[in-house]
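Okay, so chain A shows up in both of these, paired with chain B first and chain C after.
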Partner chain A sequence: MALYPSQEWCDAWKNAMNNDPACVENGKNWALDFPGDFLFEVTPGSGLDKTHYIYANIKGGKCLELKMLDSPGEIKPGFYVTGTYGDFKPVVKGEKDFIEGVVRALFKLKGDMGKIMRNAKYIRAMAASISSFKNEYLGE
Partner chain B sequence: MPNIDDFIRPKEWVSDFVTDIGKVLREWGKDKYLPVRQKIDEDWTHHKIVKPLLKEVLVDLGINAAFFPYEVGGTDIPDACTLICVLGEEGARIDSGFTVACLCSVWPMLPIILKPHRNMKLLEELGPKFCSSELYVGCNAMTEPASGADIENIDRMQGKTIQTTAKLDGDEWVINGHKIWPTNSGDVANLYGVVCTTKKGSKDLNDFAFIYVPADTKGVSVGGPYQKAGMAADMNTDIWFDQVRVPKRYRAHGPGDDLKYFKEMITYGNMGTAAMCLGVMKGVYEIIKKWTTERIIAGKPLKEHSMVAAALSDIAINIEATSAWIHMYAREVDRPDIYGTNPWDDTLVHKTRGLSTFACKAVEKVCSTAMDYMGSYGYSREFDLEKHWRDGKMLGLWMGGLGLKQMENARYWYELETL
Partner chain C sequence: MGEIHIIGDLNGLGAALLPIMEQNIDNPERMKKINKISGSLTATEKSTGVAITIIFDKGIISIKDGPIEKPSAALWADFDTVAAYSCGDLNPIVGVLKGRIKVRGNILKLLKMATIVRSD
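Showing the complex of A and B:
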């Protein structure tokens, strides 16, 4: 059981993405000629006591690195996503759609929107891969 | 210093994501379209300039796939009306003719794309083509030589004037008829959504049919493009259907529902039109602001003359009012759970006619006012106003024109019984 968020959870998600055929296939052109790394800023609430940062370096359908950070530091990711723990949880659980959350302003997403529009299938596959391993959550 | 982004847009309803998608289109337009905009009028016959640009927007920027379900490769963006309005505005600020071509590619697919009435079986067959890396363009084939407005005037005409027929022969529809003026006709469209009747002259609303016809189906032929006063990036021709056969499953839904979701198309058409009017007005605002700032008359900028300031205020007021109204109605269309009205309900069809009427009159007035104060420079191509002036007028002439729009709007608000 991986606690979301934690390094153990990051390791599990990285493994899930790299072994998910949908991720590998749909992401094969991801970040080949543009910065495709993500920084997730998960803000407190619903059991989370302080802001957590998760960095995912993804290229060509493979997750190269996925780690917890104490702060964003000097990283300038291709995509910066901000949301509350309470809003991220349903997405991690597979109960809500990430892109819908972005469109409805639950999440703030900074980055090349055109790339998101063209790679929605991959973005969804990345989120869906989380359900392949058991998660547990704070505040539950 | 205020600019076009300072006109009203409710952030509670239009997320940064949607606004940013609009800005992607804006930046693309600045880099790719503006440098060739003054050549588009001459490209009306073969679209040599337009076609690759259409691919860049519809395919590379993902607009074609935006509303298709993710199961068929689409982006599945919710709140479709709000996004359509933002894209319509951003695109029309650059070129409303090109923008209507983009939006009308998806327009005929709305009856089977939008929730809660998706036709997944048909989408599994037709959807991937719109979501692929190749250009695939839709066309709503509605207007006929005898009439367009009468076809849309569902309440009163009830489809009785539709001349294009669809007869079921075994497992196939056999379609015969003649359409004229649809956006993306000629050799642009890959797929038509065709307004038909299963019984000519019938006033039974169940006889209204909306059937998809691939453009390369045997029996489909097209004429040459019409040369128009503007909107050269929107190709309009005749389309003939001569014993055209398509599978029975290519009907959008069935008796009753085809008409219902066609009415939703009208609502979206009204919204898209208003949004494009807004975009044109914002483009004109930028042009006239620059002009009246730089043009010095009697020792001061033109805008510092009271008569001119009054006219400039009217332009800004028209933009603000149109923008506020658009987003209020877009919210209502996107959120039937809150407002209790569906996009296919007469309420929204008729109310959005009012918005479209207002916006079309506003854009005509704004363009004309700007032209008044730019004079010869206004009708000179290099200052980019004259194209908006021509295109802006045309925005008000489709979808039944002013007559049908006003009539349907009055029908709602005043409970007309004979009109």
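Showing the complex of A and C:
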């Protein structure tokens, strides 16, 4: 089992996304003509002692790269998601829905919201793939 | 360039719909119908109960977090349905007939007001 967050966990999520038919099918048009990469800023709490950054480069339904970053640096992602570790953890466990978290403003999502609305099925599939494998968590 | 007045802090539903509203306010064709409307539309995301209200005052458009007491019209739908409507993939009449969208109040006005969050 991978520890969330860690590079091992990033590798597992990338593998899950790329082997999930719902992600591949619903994401086939994602980021073909717009920047569709995500940067997740996971802020401390619930066992996480400092802010972690997770970068996901996704195109055409395939995750090309998923890695931990020390800082956002020069990266200007298409979509920037911020939330606390305490709010991300239930999403990763599959106990809570990511879209619901966005609607409730637990997660701040910056980027072209029109693209999110147009590709809501893909975002849902991508978020569902995050909970398709077992992990270990900080603070538990 | 037009402006949407934001009253208070917006929840995630409002933040998702605001950019579409901002695009529409610069679309003279779309605004032709909306400019004449005075009224309010409350939209509630069904699974969370998160709501926004859009207020129309003859071309001045405001958005606020939460419902208001007596909107001209109100609708309830899940996020995927709101998303499908807003990007033009779902005809609102079909959405109502299929039970994906629940509506209350002045339906004709609702159909006109709801075009402010439609991006087709």
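As a convention for this text, the second predicted complex is superposed on the first by the 140 of 140 C-alpha atoms of A that agree within 3 Å, B and C clash if a C-alpha of one lies under 4 Å from a C-alpha of the other, contacts with A are read in each partner's own complex, and residues count from 1 in each chain.
One rule holds in what follows: contacts are C-beta pairs under 8 Å (C-beta built on N, C-alpha and C of every residue); 3 or more make two chains touch, one makes a residue touch a chain.
Only a predicted model underlies this, so the values are computations on that prediction, with no experimental measurement involved.
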Chain A as common anchor, with chain B and chain C clashing or fitting: clash
Chain B versus chain C as contact partner of A:117, first or second or both or neither: both
Which of chain B and chain C A:105 touches, first, second, both or neither: both
Which superposed partner A:65 touches (first chain B, second chain C, both, neither): neither
First, second, both or neither for A:25, with chain B first and chain C second: neither
Overlapping segment of chain B (options 278-286, 296-304, 368-376 or 404-412) - the one that collides with chain C in the superposed model: 278-286
Overlap of chain C and chain B interfaces on chain A (superposed complexes): 97, 99-100, 102-105, 108-109, 112-114, 117-118, 120-121, 124
Residues of chain B defined as touching chain A within the complex: 15-18, 20-21, 23-24, 28, 60-63, 65-66, 70, 73-79, 83
Partner chain A, residues of chain C touching it in the complex: 10-13, 15-20, 23, 45, 47-48, 50, 79-80, 82-84, 86-87, 89, 119
Chain A residues within the chain C interface of the complex: 97, 99-109, 112-114, 116-118, 120-121, 124
Contact set on chain A toward chain B in their complex: 97, 99-100, 102-105, 108-109, 112-114, 117-118, 120-121, 124
